[in-house]
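Multiple structures are listed underneath, in structure tokens.
There are two complexes below, and they share chain A, which is joined by chain B in the first and by chain C in the second.
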Partner chain A sequence: MFERLLVDSQMALPILGWAILAILVLMIKICTRGVWLPLFATVIGLIGLIFYSATHLNSGAQDLFHGALKMDSSFYLFNLIGLGIHLAVVLMLIPGLERTSKIFKVSYEQFPELLICLLFSGFGLSVLIAASDLSTLFLGLETLSIGVYCLCGFYRTEIRSTESAFKYLMIGAFSTVLFLYGLAFVYGATGATNYSQIQSIIEQSHLAHQPLLMIAVAFLIAAFAFKLAFVPFHLYVPDVYEGAPTPITAYLATVIKVGVIAAAFKVFWGFFGSLADYWEPFWMTLCVLSILLGNILALQQKTLKKLLAYSSISHSGFLGLAMVLTHPGVGTTYPLMAYLVVYSAVTLGLFSSISFLENREQVFLVEDLKGLGQKRFWTALFIGIFILALAGLPPFAGFMIKFWILEALIEQHHIGVAIAAICGSVIGAAYYLRILMLMFMSEEQGSASEWVVLKDRLYVLRLIVFLAAILSLVGGMRPQLYADWILSALALK
Partner chain B sequence: MNVSIAHLLFLSFGVFCIGGAGFLMRRNALSLLICLELMLSAVNIAFVSFSRLHQNESGNLLYFLVITVAACESAVGLALILNFFRLKKNIRLDEATTLKG
Partner chain C sequence: MLNENYLLVLFLFPFFSTLIVALSRHRAAAWVSVAMAFAFFVLTLIGFQVHELRYSATWFGNLKYGLYLDSYSYFLILLSAFLTLISLFYSVRVIKEKVAAYHALFHALQATVVGSLLCDDLVFFYIFWEAMLIPMYFIIGIWGGPRRKYATLKFFLFTFAGSLLMLIGLITTYVIYFQQTGTWSASFQTLRDYFHMNPMNFEIQKWIFLSFVLSFAIKIPLFPFHTWLPDAHVEAPTAGSVILAGVLLKMGTYGLMRFAIPLFHESAEYFAGALCFLSVVGIILGALVAWRQTDIKKLIAYSSVSHLGFITLGIFMMTEAGWNGAYLQMLNHGLSTGALFLLVGFLYDQTHTRDIQAYGGLAKSLPWFALVTVIIALSSIALPGTNGFVGEFLILLGSFQSKVASNGWVILAGVGVILGAVYMLHLVQKLLYGKSHSEKLKDFGWREWVFYVPLVILVFAIGIFPEWILGPVREKTTAMFNLFSTFAAR
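On to the complex of A and B.
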């Protein structure tokens, strides 16, 4: 018994590594003063975990802790994406340490705590991705979310940050309750908590029409829609994104989507696979609504981060569609993975540029970007690249990830959905191109070109921006490279 | 009187609805947290009654996990409410409008 536990713990190192690292940073924080040592430990630890995960990509599926966690090839890939995002966010936070204004001074005294929250959230993320039992699913989701609530309120002397954390906590807790009620009904209908047991019970005893399961599906769809910010469950997202510190906004827009879409993939195609007739139409409707309405509402936004929040809503619609396309048997997984990789890279790059420019005392309006191309050409150029990649225009990776999803949609005979998604993207191009026009074609100077930019002495922001730009350019020029890498990482080739 | 699973489920659903209605209608942050706790208790009643229905212990186990996580969530929630109070001098949600517009 005890030996089994030891062996399992050793195998679960990519998951437990997060928690070990978090506790290590906590210890360092307790024993020493200053922020650089915990920061150094975090960065080194994350790089170590990335190498460990990258070398174990093809190590086959394992059931751990009596089937509570399942590590398969998709787990390693999702975990690798999560690790990469965490490393980028930690690096993005570093230049803020040198800011002198009062908000930053007071908040950054607690920088090690921020790192600990980030790492524990990451632990939650990896548990959520690996979950193959209702209990681990719930624990993973909550460990991820509770850390993120704290992260949103990091600038604790600032009302906007606190308000965003507060709203996120309330909505997040509400969606957790819906999620749990859904899980309770799954358990009630089947009497099991393990995914494979639930699946076999549903299939063998023809429970597919049971009302309890219908209620469970409804609750779970609502809960996932809250977490992924599908329209009409998106109302909190613009406020939360606006108020949270910019690196944390990037974190929200990427990590939450990676974790929740991975969990949704395992829940809906795992044990709800035989109920696809019931949940698929609802899920697809929500996705199409988010693509269309997310883009339409983004047209009216005046502040930059709210605009990006609506753009992320439309992107989560695409992610939701990609999740449906992973239908075991007929579907393909690589559109989902490619979308996550490229979307995360582009979002991180864009938010790094924004946090480089941003002046936290004022709200960043879209109009502020006017004439940035003349004053700060390189920043404007990179923002332009990321905006075009998000819009999905051809020379960038944003195009091919959308193209793969649309191709797979048409192959699986969802032609109406594909047309709606194309319409949404076309509407979206309008506001993306408006940003470009403001930056490069405007004669006036907006206030963003006068703000004091961050002192990026360690070149970390430039590094992230540069890597993200390369990822989006290479993906656009040689999409086959990505597809091959993902397929080999998933051991499908 | 014999208490059946159906009774327990109705109780759970009733508590859930009371909590949900309170969550949507109250405007005080502390009442909101209390309503969330009420809804989590409803979930717990459902888990425990299903555990009795199926005669296995998984539901009871989940009950303990839910209770623990609910405590963590309340702790973070109270911390944020305190911080909000320090900055705004009240905890009414109507006042949380800095991010509007």
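On to the complex of A and C.
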């Protein structure tokens, strides 16, 4: 018994590694006073975990801890994406790490706590991705969320940051209740908590029409929709994004989506696979609403981070579509993975570029970007690349990921959804182009070109921006680079 | 003899020159760019004897890409290379701000145009087709006139909306191919051959065809999708107008002749009558509106709507003569409208107004300018002996032979020719004759002659000996119509 536990723990190193790292950083924080040692430990630990996960990419599927966790090739892939995002977010924090800088004026000493929260969230993420039991699913989601609530409120003295954390906490608690209800109903209907048991019970005893399961499906869709910010469950997103520190906004926009979509994939195509006729139309409607309304509402936004929040809502819609289309057996997970990789890279690059400019004492208006192309050409150029990639124009990677989703939609006869998605993209182009217009075609100078917030160690940000730009360019032109990698990882090739 | 590597060089060269120009020093950039454009023009000329070339390779996964050159694509590449060369040469003196970026964007535009002309693969074509918008968006938006932001956004959104709908049609086409054959291919040749043998469900085909036509019609622009064009032209810098009118509009008509009609021949015949009607409306309406314009650039923009109406009329009448004429007219319109925009630019740089009323009596003060203007205007009116005549004659001839629409429409289109003379001569009269307002204008210097001499020579060269273009084009058209007729007979 104990031996079995030991073996499983060793196998689960990619998951437990997060927690071990978090505890290690916590120890360092307790024993020392500086901020640099915990930071180095985090960075080196994350790089180590990345290498470990990358080398185990092709190991077969394993059930761990009596089927509570399941590690297969898609787990390693999602985990790798999560690790990459964590590393990028931690690096994004480095340039502002000065006792005197505006960002850390109050909370410089608390910086290691931020790292610890990040790492525990990461632990939650990997549990969520690996979950194959209702209990671990819930644990993973909560561990991920609790860390993020703390992160949003990191600027304790700032009212917007506090508002952000509070709003997120309240909405998060509400969606957790829905989630628990859903899980309880699943258990009530089937009497099992393990995914594969639930699946076989549903299929064998013809429970498909049972009202209890229908209610469970409805609750779970709502809960996932809250976390993924589908319209009409999106109302908290703009405020939370705006109040949170910019690197944390990037974190919110990427990590949460990776974890929740991976979990949704396993839940809906796992044990709810035979109920697809029921949940698919609802899920797709929510996705289409998000794509359309997200883009329409973004048109009216005055502040940059709110605009990007609405843009991320519309991308959530695409991501949700990619999840539905990733039928086991029919489609490949390729569109989903490619969407996550490219979208995360572009988002991280964009938010890194913004944190170059940002001045925490003022709200960053879209208008502030005016004339940036004249004053800071390179920053503006990179922002331009990311914006075009988000808008989904070729030759940028954003086009290819949209292309795959459209292809899968048409292949599975959802022409109406494809046309709605296209309409959303056209509306989206209007506000993306407005940003380009302000940056490159305006004679006046906005205030963003005057703000100088970050001075030291900017090379770290430049590195992230540059890598993200390469990924968002090369991804579109030669997807072979990562297509092969992903396909071989999934053993589809 | 040229082999398929020539295609690869032709395809990659503009990308290479974009990079070179973008990285060159501020002062040298303009001349480096002209030199690169000249090199590309020479490179294009080398391929003159080529009738058909093919190159194929694998891109990723299921999508193969192929490059394909024939007479249809070749002459448009030649036109694009030529117009890019002269408009960049013209810009050397005019553009003083952000020179490297300006020239690099033109080369990037050239790269996307050549890419979409050369590709055989539909996905590949689509990528270039849409990427074409980005450089033009910046060219109008940064170096344009006072209302440039509005104009460039309108231009972008119109075209973007149309092309995304085409994307759905395009994906549906090759998904249907996949579902019927079990193999993936987006190659135009493969799809065309397959769908000629196994026509797809007519109801679906109709919608796919319409999605293609909508996208191309916006680009052309066919009435009633033309409203973006006058705005874009008025606000664009001169060189931008030249390329927009000369090259980008032709991509729409090229798309019809190359992709939409050969792939969905059945639907094309079904909708031909309606589309002919739209073309005729475009011809008459464009001409009438052009007549009433006071802004010279707007006048030329509406004249483009009218001329492009002729081209689409020739295409949708579905006769061989009509297609030959339409193709020739694409080149003619590129040359004459390009030249007209350059002439307006020449005046505008000195006087900073485009108002027709501000000019008069230029024949006296600018005799050389007047000579060239008259020649180009006559070419645009389609006087016998100039290039325009051959094209319009063939289009009308083809239309009379056609069974698609009644001859009444063709006669109305013929009225359009007269209206064309009305607005063009109106322009010439106002500019060149009457009371002189502007005395202190300088006439052509050596820079102007560098590009007006070849333009004027081409006007007559095509007008008197059209065979050097029509010969290869006719061969291609005949081959295409043979294919259509085997399809109809089956």
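One rule holds in what follows: the second predicted complex is superposed on the first by the 486 of 493 C-alpha atoms of A that agree within 3 Å, B and C clash if a C-alpha of one lies under 4 Å from a C-alpha of the other, contacts with A are read in each partner's own complex, and residues count from 1 in each chain.
FYI, a contact is a pair of C-beta atoms (placed from the backbone, for glycine too) under 8 Å apart; a residue touches a chain by one contact, two chains touch by 3 or more.
Bear in mind the structure is a predicted one, so any value in this text is a computation, not a measurement.
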Contacts of A:Gly243 with chain B and chain C, given as first, second, both or neither: first
Contacts of A:Phe185 with chain B and chain C, given as first, second, both or neither: first
First (chain B), second (chain C), both or neither touched by A:Phe219: neither
Touching partner for A:Met437 - first (chain B), second (chain C), both, neither: second
Partner chain(s) touched by A:Ala429 [first = chain B, second = chain C, both, neither]: second
Partner chain in contact with A:Lys167 - chain B first, chain C second, else both or neither: first
Partner chain(s) touched by A:Phe154 [first = chain B, second = chain C, both, neither]: neither
Chain B versus chain C, judged by how many residues of chain A each one touches: B
Contacts of A:Pro394 with chain B and chain C, given as first, second, both or neither: second
Partner chain(s) touched by A:Leu134 [first = chain B, second = chain C, both, neither]: first
Contacting residues of chain C [partner chain A, same complex]: 59-61, 123, 126-128, 130-131, 133-134, 137-138, 141-142, 148-149, 152-153, 156-157, 160-161, 164-165, 167-168, 171-172, 175, 178-179
In the complex, chain B residues that touch chain A: 16, 19, 23, 29, 32, 36, 39-40, 42-43, 46-47, 50, 53-54, 56, 58-59, 61-62, 65-66, 69, 72-73, 76-77, 80-81, 83-84, 87-88, 96, 98-101
In the complex, chain A residues that touch chain C: 388, 393-395, 399, 403, 406-407, 410-411, 415, 418-419, 422, 425-426, 429-430, 433-434, 436-437, 440-441, 478-480, 483, 487
Residues on chain A engaged by chain B in the complex (per definition of touch): 134-135, 138-139, 142, 146, 149-150, 153, 156-160, 162-167, 169-170, 173-174, 176-177, 180-181, 183-185, 187-188, 191-193, 238-239, 242-243, 302
